[in-house]
Amino acid sequence: MADGTGDERPDDQMGDEAREALAAELSELLGDAVVESHVEAGQNLWLRVDIEQWHAATTALRDAGFAYFGFLSAIDWTDAPEGRYEDTEFDAAGAGEDDDASSATAEETVRRGGGETRFQLLAQLHSPARHAAVLIKADVPEADGAPASVPSIIDIFSGADWHEREAHEMFGLVFNGHPNLEHIYLPTEFEGHPLRKDFPLLARAVKPWPGVVDIEEIPPELEAQLEAEVMAEFEASGAGA
Amino acid sequence: MPQLPGLLKGLGVTARTAMRTLFPKRGIRTLIPAPQQGSVTVQYPHEKEAPPDRARGVIALHEENCTACMLCSRSCPDWCIYIEGHKVKAPPRRAGGAVRSVNVVDRFDIDYALCMYCGICVEVCPFDALFWSPEYEYSEPHIADLLHDRIRLSEWMETVPEFLDYEPGSEQKVRKVPEFGIDDFAPARKLEADGARELASGAGS
Amino acid sequence: MTGALGLAYWAETSIKLGVALIVIPTAALMLGYLFLLKMMAFMQSRLGPQDVGPYGTLQLIADAVKFLQKEDIHPAAADRRVFRAAPVVVLASSFLLFVVLPTGPDAVVENLDTGIFYAMAVSSLSVLGVLMAGWASANKYALLGGLRAAGQLIAYELPLILAVMGVVIQADSLNLQEIVRAQAEGEIFGFGLIGNPFILTQFIGFLIFMISAQAELTQTPFDMPVAETELVGGFHVEYTGFRFLLFFMAEVATAFAFSALATVMFLGGWWIPGFDFDAPVLNVLGPVVMLVKILVVAFIIFWIRFTYPRLREDQLQKFAWKVLIPLSLANIVVTGIFKVVL
Amino acid sequence: MSPPPTASALREQQAYVAAQAADARVNVELDTGDMTLNIGPQHPATHGTLRIACQLDGEQVISAEPLMGYMHRGYEKLCEVRTYPQCTTLINRIDWLGSFANEVPFILAAEQLMGVEAPPRAQWIRTILFELSRIANVSLFLGDMGVQVGALTPVFFAFRDRERVLNQIEEVTGGRFHPNFDRIGGLKDDIPRGWIAETHAVMAKMRGFCDEMEDLLMGNEIFQTRCRSVGVIPGDVALSYGLSGANLRASGVDWDLRRDANPGLAWDQVDWRVWTHPDGDSFARYWVRLQETREATKIVDQLLDGIPSGPIMAKVPRIIKVPAGEAYVSTENPLGEMGYYVVSKGGLGPFRVKIRTPSFSNISVVPWVMRGTYVPDIITILGSLYFILGDIDR
């Protein structure tokens, strides 16, 4: 068929070497905007850029062929105070099996290019021509308890419009240059930013966890007596003979 | 603007389907209209659709196997399983044995108004006490009636089908559904008849 | 005028009225059941209604009873009098159509000399009702539907009338009985056994008539005024209960009436080959023959309805003005030339 | 095979725009006021509760703004309070017509973080079920598009034949719509005896369904009149808006994650091709989806014949704890690129899950593409972009 392109398959699937090379290339391209880059073996390429350079870096990447907009979102790196709303002891028992997990976490997240500030912005861009994808991140500094405003990339990728609105309502990030920064999912009068970790999840808060119940034990002081009684009856019934 | 072929082809498709629905029989009997066989719909209240054996219709409880270990309740994403239980002392199984400590289920409720039918509870159960049944006719006019207690859940055991055989090449073992009879309702009463005690005489209340 | 049965005027009139009042709802029910319910179901691998009556035959009656039980709701902002009148106007238009349909030498309510002219005139009346409904509902969807219907009127009414012109020229009459007679007494190159149904000579006219009738009936592919998936029902979106029932009845009854018109004009009407044109027995057999032919034509109308997607309003206009109208004009010219030459 | 679509789309589109501009001029002279028309939240064309606020001039759209959130369920937040196995239950319900395909990228992301790889047999069955859910999902579109443009019958055909595929999915997973069958490290269960043969038969039926749709709807001139040159999205616009799946391929961009970023499933083991169409209009989107459904039946047929034997579960601990880290895995779902950005801090549940759903990005192009079209075109374009509301709102 004339309209479908052939079925030749690119044999790569983007090997790690290609990723390393790409990371180097992009680091060079973006210059001092890149704070760090990280290649996760067999997976992904992360680029962490300076938030001031967010717009410039995105433009440069678009011009370098990364013209396909994947998504834009944010992460709140603080821990939720309520955990999973389940019994804390039970939760801790699961987490406590290897104690070094928590210390590894902090190190790991920094290594992945993030987590130095509370909020982090991330976006995924593809390059259909190179069969490559890059995930760019930027730490969003806080000022007066609120995240500082970040540049909007809606003029580079039209598709970022709704993603930025979502990040705005969910995390309270403010995008400079966005023409219509309103709630997208939530009602206009909704207060709070649900995906921030300190936003309580009411559905879980109003109901006790049924798993907290435990089986009712026999009072220890009665245990011996009970055991004796049962045994006595058992023997009396002749089954013991 | 319209040319004939595409439009006529479409008419052909609908006409062909109508003929297939109306006259599904082959051979000499082609002329007998039998839309009941030709149609793909099931006339629900008159005839019942049979879901596949693995269909997740309703959860059945084999209470005898349940130890009130709370695993299902704790792994339920919707918090819709409520279990309460207590320990009793039961006589040894055979002479010379020690007195056993047995968990008795006092309450085992599943709130089907909340249940998302994910099957995690059935999967985590280490004692083969929960099973899926493809039964689906248990809607209720009142939402509160969707909370099935342990008796109701045990009744579903009768509808649990045998596990299916696997395709060749599989290394899975076919599990067995435990035998279930009318005696298996309320195993606590059976334990009691055997001489199990939950409180020492005189020490109660 | 005294009828063939020699009855007094009042007796004949009341018989005709009674027959008309029975025939129209029955016709609507029959078409509704046979095509809207059962045929559509079979075309979609379904069974259709099964529970009410044998094979669900009474389903539509049950539906009608259900509609009658419903509350009569007006939108708060509706223009009430117009809102109430609209379905009656639409239904009246299809009732009036039945007046001139001949089903036998004497089995006709009123044998008007300008029968076809009258039929075309009253059939356009329904658009007025649709427009009233669309405007009075105070609903944007209804308004869009009503305006589409009005726009559609111009597009299809012209080819409809022009298609009929060919028949009129060939039959030399506007009277529907005379058109049937012309077909019955006509000959195909000297072969007069089956008469000369005008579908043979006016085949293009028949096609144009059917296409335009499809638009008149707001059936797919020209159901833009209703357009369930765009305008969620269009002009009757705000109607419930009895008034919706009137719309529904009018729709199906008009489908019946237009099938009957097509039968009379193109398929030889009620005449049965081999019978004398004025044989009294045709007053009994004629309606049966008519009914069979009507069902065949209605089958095509509904078959198309269940198969085709819908055009866009501007595409319909384009189609009507660029294809249908030139074609029907050409048809008239050719018919005229043959009429003069032969 | 269907007739090759010819790309006179651009020329037609220009004529169309010129005609519309002429219309607009007339309207200005007559000073007809604008009308706001709310399509939805409850409207048959919005498959749920999407609302599109349109400014109309007559029947012409001046602006169209989708307003959503009527079904926002907050899955990203809910995932944060659930363990990994519990999350799949929610994820099933994002795109409810192709549920199994939703589970796969999430599970793959979790597996990536854990460094676990499912055994080959599990991978193959995953791929089969993935493609089955694609067929189930897209076949409904193929019929539903008919309803959007006014044809009643195709959707019934779609429901009829989709049921066969859903039955096959249910026979394996136990759920027609919400399989919850994928597990970290493999699958919940193996396929039952006799299933492979049955599925082969169903695939043959589905190819018949595709042929039927081609005759009944796609070949229909009225359908083509309604869809060609309507809602043209050029490739660069599609990329910029992040359109994915068949919508992107219908705009001439040759991009399919199954081929271009295969995260380890068995697609590279079988012979298939990616279909694209240069026109970028509604018809192109329908055409591409129809071809893809056909292609998917062929993929399933090939996979069924080659399922390797072996276990279906890798060795994973009973209580699943995912080591700290971040992973983004996306797959080519029925609706387009669905990806999960999973952040773990080493607990029982994810720390943050960003769900990149295809419909959200696909629908974001609506304000751009709707400008200047007519009311019936809104429905055609919405239908051809094909969204699932749960997939937009999450």
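Chains: A, B, C and D, in written order; residue numbering restarts at 1 for each.
Everything that follows uses one rule, which is that a residue touches a chain if its C-beta (ideal position, glycine included) is under 8 Å from a C-beta of that chain, and two chains touch if they have at least 3 such contacts.
Predicted model only: the values in this text are computed from it and were never measured.
Of the two interfaces, B-D and A-D, the higher number of touching C-beta pairs belongs to A-D. With every chain reduced to the mean of its CA atoms, the largest distance from chain C is reached by A. One simple way to say how far apart two chains are is to compare their mean CA positions; for chain B and chain D this gives 31 Å. Chain centres here are Cα means. That of chain A falls 24 Å from that of chain D. The distance from the centre of chain A to the centre of chain C, with each centre set as the mean of the Cα atoms, comes to 64 Å.
Mean C-alpha position of chain C lies 43 Å from that of chain D. Looking at chain B, one finds that residues 1-2, 7, 10, 13-14, 17, 40 touch two or more other chains.
The multi-chain contact residues of chain A, meaning those touching 2 or more other chains, do not exist; every residue touches at most one other chain. The residues of chain D that reach two or more other chains are 82-83, 153, 157, 160, 216-217, 220, 222, 225, listed in rising order.
Each chain pair that touches appears in this list: A-B, A-D, B-C, B-D, C-D.
Chain B contributes residues 68-70, 73-74, 76, 79-92, 95-96, 99, 101, 103, 195-201, 203 to its touches with chain A in the complex. On the side of chain C, the complex with chain B involves touching residues 39, 41-47, 50, 303-304, 306-308, 318-319, 322-323.
By the touch criterion stated above, chain B contacts chain C in their complex at residues 1-2, 7, 10-11, 13-15, 17-18, 20-22, 35-36, 38-41, 43.
On the side of chain A, the complex with chain B involves touching residues 86, 90, 207, 209-211, 213-218, 222-223, 225-227, 229-231, 233-234, 237, 239-241. Residues 1-7, 9-10, 13-14, 40, 43-44, 46, 67-71, 73, 75-76, 79-80, 83-85, 91, 94-95, 97-98, 101-102, 104-105, 108-109, 112, 122, 124, 126, 128, 131, 133, 135, 157-159, 161-162, 170, 183-187, 194-195, 197, 199, 201, 204 of chain A touch chain D in their complex.
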